[in-house]
Structures are given as C-alpha cells and as structure tokens.
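Next up: some structures, all given as structure tokens.
Look for chain A in each of the two complexes below; its partner is chain B in the first and chain C in the second.
Coming up: the complex of A and B.
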C-alpha cells in the first residue's frame, strides 16, 4: 500500500513538474494567453459600458476573466490530454509503465492548475490596474476556500472527460471545440448566471465554474446581489460535485481503458 | 486550379470525415451558436433599450466567418507538421504551399458561411432582425471577405512556418485584440478617442460594417457612418488586395526560409 501510494505521488510529481515548467519555457505562450484573457475581459467591460450597466459589472467580468483560463485548461489541458498523448505515441509508454494512469491525470491537473494560476493572476492584476476594479478582501479566506473547492470540482470533471477522449478520437476533440464557447457563456463568465433563467441554470449548475464564480462574486464584489444561491449552499454543492466527479472519473478511467485495450484503440492514431 | 480544388477537398475531409455526414451537418449548424450566444443573452437582458442587438449580432457573426479562417490557417501549419506529419509531402507535391493554404482557407470560409446562413434562417425571424439585403454588396463583400481572411491567415501561417514552438494562443490573442477594436460586438465609439480612431483602420472593421449594411439595409450606428456603402466596399477591396498580396509574399519567403532552416519536417511534441 505504501509502495503504491509512493508510486502515485512520484508520478503525480513528475507529470505536474512537466506541466508547470514545460509551459514556462516559451515566454510567448505566457504573454499570449494573458493577452488573450485580457482582450476578452476588455471586450465585455466595454460592452457593459455601451449597455450602460453599473460599474460593478466590471468586477464581475474581471472575476470571470480570472476563472476562464482554468476552464480552458481543464478542457484543453486535462480532458483532451490522453487523446494527445495517444496521438504523440506517449500513451503506450504510459500504459506499460507501472505508474497508474489516474496519477498522470491528477499530476496534470495539479500542474495545470498551478501554471494557469500565474496566468489568471496576471489577467486579474491587469483587470484591476487598467479598469480600476475594486474587490472587498473581508472574506478573502472564504473566497480562497471556495476557489480551491471549485478547482477540485472543475479538474474532477476534466478527468471524467479525459476518459471519454481516450476512447473517442477526433469526434471528442470536435465536441470539445463545439461546447467550449457555449459552456463558457453558460457558466456565467461574462454575466451573473442568474440571468440564464431556471431551465438553463439547471444545466449550467453542473459546470462547477457556474456556482464557483457566483460564490466568489458574492464574497468579493460587495454590490453583487443577483446571486443564484447563498455561497454556503454553493460551496456544499461544489464539494458534492467534486466528490461525484472524482468517483465517476476513477470508474470511467478503468472501464474506458479496458474498452480501449479490448478494441485496440490505445495506439490507433489520427482517428 | 486543380491543386486549389484538391486542397479544398483535403480541407473538407479534415473538417468532416470524423463522423457521419448528418452529424457533421448538425455540428456545422451548431458550431456558430457559441460565437453569438453571449451576444443574445447580454443584449436581451441588458441592452433591449439600446437597439444595438442587430449591430452586435451581425458584427459577431461576420467576424466569426473570418476568425475561423485565420485560426484554421495558422493551426494547419502545426497540424500538418506535428500532428499528421504531412507538411513535407505538401512541399514536395506539385501544388505550391500558398495554393494549398488558400484552398484550405476557402473550405473553412465556405463551411463558416454555411453555418452562418443556417443560423440566420432562424435568428432573423425569431429576433426580428432587420433584413433588407443588397445582394450585390453582400456577394461582393463575401468574396472580398475571403481575400481579407486568407491574406491575414497567410501572414500568420508564414510566422508559424518559421517558428516551431509558437502556440495558437498567439493567434487567439492577436484576433482577440482585433475583435475588441473592430467594433464587432459594440460600436468602438465607446472607446477613448484614440482607440476609436484606431478601430476605423483595423482591416476587419470596414468588412464587418459593409456586411452589416448589406444584410440589414441600413446604417445601424454612427461608426463609419460618414462613409457611403460604396466607399466602404472600396475600402474593403483595398484592404483585401493589400492583405492578400502581403500574405502571399510572406508565405513565399517564409516557406523558403523554413526549408533552409529544416522546419518543414521538424517535430517537437510541444
């Protein structure tokens, strides 16, 4: 048991290391992703100014801009990673090694979250500096708790999807491309999720970013009143979602890996 | 011409052969929704009184038609070199790489236009968008739009040919900046005066405004309102000619340089 745990942690550390330091190798990657996030944020802040909404909306957009890189990292850096490993020929090496596949994915998530954190903080910094957005820091420890629980839940969802991507090839890739923007919109990155209406909100609540962002806005933006639920309830739901996703992820990874081995799809490239 | 058509066919296969044809048609119709979903929600909730929904919706949709092409052209360099490892064979074939890229761009543009047309069929009646098309301007604008998009795409592709580590995030950032400035989502008059002036000279701005006027039959805001539709067409034609020529030349030099540096068949697994 101790050996297994040690192997899990070593694999996790190795994969996280590559993700954190590999992504720092090219300065253009960091600059481009920060600029991309900043431009999206700018677009929506000016849009709200055009629509004549209150200045508190700038704060909501800046927080959305802070969380969006995490969502993109979950989708493109975790969910699709096994597909890419397969395409690059690394997956077979990973599978014949004694290291558990789940440790690779948790390592990816931890590393991904850490390197995305730097980018997100840069977007947040520019948002605050350029648009003079103010947040209350009275509930900062609680906001941090909500933030980390949201990340746990989001990356859990990413690992669930990674097993689907392992089995399906380009069709899953295309699906990710298709759902990326609508999911980002539905999670309320650019506006309070409450405006979605009950029907859409029911679907959007399954995306951890939706409730996580809503809770963060309640805790950090003093004038934010259009909440979905009280942040305490949202925190509980996020913990529940995270646990459910972790359970499904572990089950899905095992069964999809088995199916992929059976159908000889683990080394099947360009499909 | 045969090379161009063959490249279009390859583009179509790459875009569509991952699934059944009917699923792909559904995908084609659903894909653009992500680009305008936020516009509909935000303008319906906060902007009903402003009357700017048609401006923003048409602007976003036509921006989408171009952005798909830039992104695909930049990504195709990476995809062909790293993923499918076929770039070297394309260079060895009798079709020039520029023709190949233009063929791929044409397919992507037509696919984006098909998605737009399908969605406009329901958006116009449901949202009661103004629809008084001037078919002449619309067709001319559509053709020039391809040249604008392909020109920018070629320019970006030339950069990607010369770099092996550049990520497509760079394209996202570049065109994210253009999206803000082009006035696709809101009139750039909301910007400070300097940026509002710059917005008039962003190559995409006149194209988007031309298409808005050509489809709605009216001038929707004061942005570029001092120009007649014919003048706008002239400006789009000028942008298209300059950008396409620039892109064509850049890919020519980029390809030669990439061959010299050995970047055509290099794989980095980045």
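Coming up: the complex of A and C.
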C-alpha cells in the first residue's frame, strides 16, 4: 500500500514538474496567454462601462478573466492530454510503466493548475491595477475554499473527459473545440449566470465554473446581487460534483484502458 | 524458473470497419530464457510489433497466453509492468522542453524510483553512452542518434528484467548503433536474470546480438533457432572462392572428375585481379584439402582463397521469399 502510494505521488510530482517548470521555458506562450486573457477581460469591461452598468460588473468580469484560464487548461491541458500523449508516443510508455493513469492525470492537473495560477493571477493583477476594480477581502478564506473546491471539481471533470477523448481519438480535438465556446457562455464567465434562465442553468450547473464563479462573486464583489443560489449551497453542490467526477473518472480510466487494450486504440496513432 | 517469457499459441485478430478481419498472429509460440537476447525477424506486417505489444501489456491477445517472469500479461499486467521496459526505434517520446537529465528523471519516477537512486543510475548510463556532457541540453535539440541513446538509457535506468527493443537502431548512424549494441550486450551479461527481446531490420545486428532468432511472417513462426543453426540449415555444403594464376577448361574437367559427384566447381574471373576465379561448392569441409591438392597437381598456383559463409539474410530470404527492402505490407499496429 505504501509502495503504491509512493509510486502515485512520485508520478504525480514528475508529471506536474513538466507542466510547471517545462512550460515556463515557453516564455512567449506564457506572455501571449496572459495578454489574451487581459484583452478579453478589457473588452467586456469597456462594454459594461459603455452600457452604464454598475461597477460590480467590472468585478465579475475580472473574476471571470481569473477563472477562464483554468477552464481552458482543463479542456486543452487535461481533457485532451491523453490523446496528445498517444500522438507523441508517450502513452505507451506511461502504460508500460507501473504507474496508474490516474497519477499522470492528477499530476498534470496539479501542474496545470499551478502553472495557470500564475497566468490567472497576472490577469487579476492587471484587472485590479488598470481598471481599479475593488474586491472585499472580508470572506477571503471562504473564497479560497470555494476556489479550491471549484478547481477540484473542474479538474475531476477534465479527467472524466480525458478518458472519453482517449477512446474517441482524433474526434477529441473537434469535441474540445465544440465544447469550448458553449461552455464559456454557460459558465457565465463574463456575465452573471442567473441571466441564463432556469432551463439553461440546469445544464450550466454541471460545469463547475458556473457555480464556482457565482459563489466567488458573492464572496468577493460587495454589490453583486444577481446570484444563482446562496454560495453555501453552491459550495455543497461543487463538493458533490467533485466527488462524483472523481468516482466516474476512476472507473472510466480503468474501463477505457481495458477497452483500448482490447481494441488496439493505445497503439494506433491517428485514430 | 529459467523462462523469462513464454508465448503459447498466441493469436490476434484486428477487426476494422468495412474490411475483413486482419489476422496479425496465428498461433505463435516460443519462449525466451533469462540471460538471452532473443530476436524476432520478419517483414512489415509479419506480426513482430503486435507480439511485442502483447508481451509488453499494451494489447490483449485474441487467444493464447503470454507470461512474463511467470505473470500472465492479460490478467496480472500490474505485476508485469514493473519488470519491463520498452524502447522503440524512431521514438520521439517525452517532452522536448525538458533537458536530458529531467526527462530521464521523470520516467524513473513513473517506476517509483527514489530520486537519488535514479540520479546515480542516470549519471552512470549517460556516461556509458557518452552523453553526460549533454545532460542539460533540451530534448528537442538532440540529433536522432543522441535521442535514441537517451531512450536506451531511459529503458535501462529502471533496471528491468525484460527489455523490449523494437527496432532500436532505426535511423541511427553507424557509431551510435555500435554503442547501442554494445550496451545491450553488456547489460544482459551483467546480471543473469535479464533478457532482451529484439526486433530489427538489420540482419547483421540480429546475427551479432541474438542467441536465438524467430523468423515470423504472416503471423506464423517459420523458424526458431540460433542464427548459426539457421545459416547452417540453409545449405550444408561448404563454399569457397579461389583466385588462381591460370586455369583452363581442360584442367577444370580433370579437377571436377577428381573431386567426384556432389562437388560443383564454377570457373569465372576475379573482377579486380582479372585472374581466373574458381567458385567451389563442396559436400564436406574437408574436401577443400583434396581440391588444393588437385589444383597443385595441375600446376595451378593459388593467389587468394576465402570461405563463403551464408548470412542470416540468406536464411531470411529463403524462408520469407523477399528481403526487408522489398516489403510493401503494413501492419495495423505501428
């Protein structure tokens, strides 16, 4: 048991290392992603200012800009990762090793989240510095709790998707592309999710960013009133979602690995 | 327990939409002992890589059974994986943004190795492949040969019991190939519980390294023996090339009659020296002494003589009916 745990942790650490330190070497990519996030945020802030909405809208946009890179990381850095690993020839080596697939995925989730944190904090910093957006820090510990539970839930969902994307091969790219924009809209990254209406909210609530962002806005933006649910309920739902995703992910990874070994999908590239 | 790998009646069928099922393996059986380098030779699509994928737990067999170190690769794959390593030729695995040292450390962690043990082995093997000075170089800046040396080190650092080498010198220059072959040979000799399964396109490589080779084609094992045995089975006669100062047809007839039935002598000319050259196919090795005596009796002086040895490629060609270079078939497992 101890040996298995050590193997899991060492694999996690090694895979996270690539994400954290390796990607730091791609300086232009880091700068471009920070600037991209910043300009999207800027567009929405100017739009809200033009429309004459309250200052809380700038705050919710900055929080959206802070959370969006995490969502993108989950989609492109976790959900599609096993597929990319297969294309690069790494998946075979990962599977031949004694480490469980879940350790690789948790590792790249942890590494991805830490790496993304720097970019997200940069976007947050620029948002506060350039647009003079104000947040209340009265509930900072609770906001941090909500934030980490949201990440847990988001990355859990990413791991579920990764096993599906692995099995469906090259469709992964198109599916991720297809999922990206609707999910961006449904999670209310740059507007209050309550405006989606009850029907769409039912679906949107399955995306952890939706409720996570809404709860963060309640805790950090003082004049934010258009909430979906009370943040306490949202936190409970996020914990529940995270646990369900973790369970499904664990089952799906085992199941997909077996099916992939049976159907030769681990060794065939471009499939 | 002397058997590192046991393959029994192994079959694998690939079902692809819209096409007939492809039978990659049709009842393949062989075993590999500890301390052995075992070669799998065959044209593309013959079933070599499919066999390796099944042995290394990446693919399930359709029927049959494979055990590695006594563990069933289908049911006990979690016990098999800590004991094996897989290295493929032309491999671009890992991450280009990592340095050589980081990449090797990362893979060692997937086997749960302690960092200080891993670092010591990485240093040892990088020095063996003369790449210690390149340890801080990023992977995406390495040449093909250097990358393949790193791949070899990656496979050895975890100290596996069974090493699967799938075309390990593919696209690698002569110098790097020699280094890789020497390391593989020394690595197996170092500990008796180690063994290597090698697939290669280079017959000389298989001949040099393998204690036994299996020739596989269309999913069937055509032969399984030591390279020397396969060559011997090809033709039991002894063959010589003899360059002489002079030899005419009449003299040749006398010598042929003297040598007797079953011994064939063909007269040609040496392309370099422009002297007459006799190619002799003799029933027995010892007949060469009689042939030299016969030549001397005819007043012929020997200028140069060499024994012609059949190669593994000749044996392969005879069994498969074509050389590696002639291949066009492709396997669904790449």
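In this text, the second predicted complex is superposed on the first by the 271 of 271 C-alpha atoms of A that agree within 3 Å, B and C clash if a C-alpha of one lies under 4 Å from a C-alpha of the other, contacts with A are read in each partner's own complex, and residues count from 1 in each chain.
Here is the rule we go by: a residue touches a chain if its C-beta (ideal position, glycine included) is under 8 Å from a C-beta of that chain, and two chains touch if they have at least 3 such contacts.
Note that the coordinates shown come from a computational prediction; the quantities given were computed from them, not determined experimentally.
**Student:** Looking at the overlay, does A:239 come into contact with chain B only (first), chain C only (second), both, or neither?
**Tutor:** A:239: touches no partner chain.
**Student:** With both structures superposed, pick whichever of chain B and chain C touches the larger number of chain A residues.
**Tutor:** The larger set of chain A residues in touch belongs to B.
**Student:** Return first, second, both or neither, reflecting whether A:144 touches chain B, chain C, both chains, or no partner chain.
**Tutor:** In the superposed model, A:144 contacts neither chain B nor chain C.
**Student:** Which partner chains sit in contact with A:114 here, chain B, chain C, both or neither? Use first/second/both/neither.
**Tutor:** Neither chain B nor chain C is touched by A:114.
**Student:** According to the stated criteria, A:96 is in contact with first (chain B), second (chain C), both, or neither; which is it?
**Tutor:** In the superposition, A:96 touches chain C alone.
**Student:** So, A:88: does it touch chain B (first), chain C (second), both, or neither?
**Tutor:** In the superposition, A:88 contacts both chain B and chain C.
**Student:** For A:203, decide between first (touching chain B), second (touching chain C), both and neither.
**Tutor:** neither
**Student:** Applying the document's definition of touch, where does A:26 land relative to chain B and chain C: first, second, both, or neither?
**Tutor:** After superposition on chain A, A:26 lies in contact with both partners, chain B and chain C.
**Student:** Per the contact definition in the header, classify A:264: touching chain B only (first), chain C only (second), both, or neither.
**Tutor:** After superposition on chain A, A:264 lies in contact with chain C alone.
**Student:** Where on chain A do the contacts from chain B and from chain C line up?
**Tutor:** Comparing the two interfaces on chain A, one with chain B and one with chain C, the shared residues are 25-26, 88, 90.
**Student:** Taking the complex as given, what residues does chain B use to touch chain A?
**Tutor:** Touch residues, chain B against chain A: 18-19, 27, 30-31, 33-35, 37-38, 41-43, 45-47, 50, 52, 56, 83-84, 165-167, 169-170, 172-173, 176-177, 179-180, 185-187, 190-191, 269-270.
**Student:** Provide the residue numbers of chain C that touch chain A in the complex, in ascending order.
**Tutor:** Contact set of chain C toward chain A: 14, 53, 56-60, 78, 81-82, 84-86, 88, 91-95, 97-98, 102, 105-107, 109-113, 138, 332-334.
**Student:** Within their complex, state which residues of chain A touch chain C.
**Tutor:** These residues of chain A touch chain C: 3, 6-7, 10-11, 13-15, 17-18, 21-23, 25-26, 88-90, 92-99, 261-262, 264, 266-269.
**Student:** Which residues of chain A touch chain B in the complex?
**Tutor:** 25-26, 28-29, 31-33, 35-36, 39-40, 42-43, 46-53, 87-88, 90, 169-171, 173-174, 177-182, 184-186, 190-191, 195-196, 270
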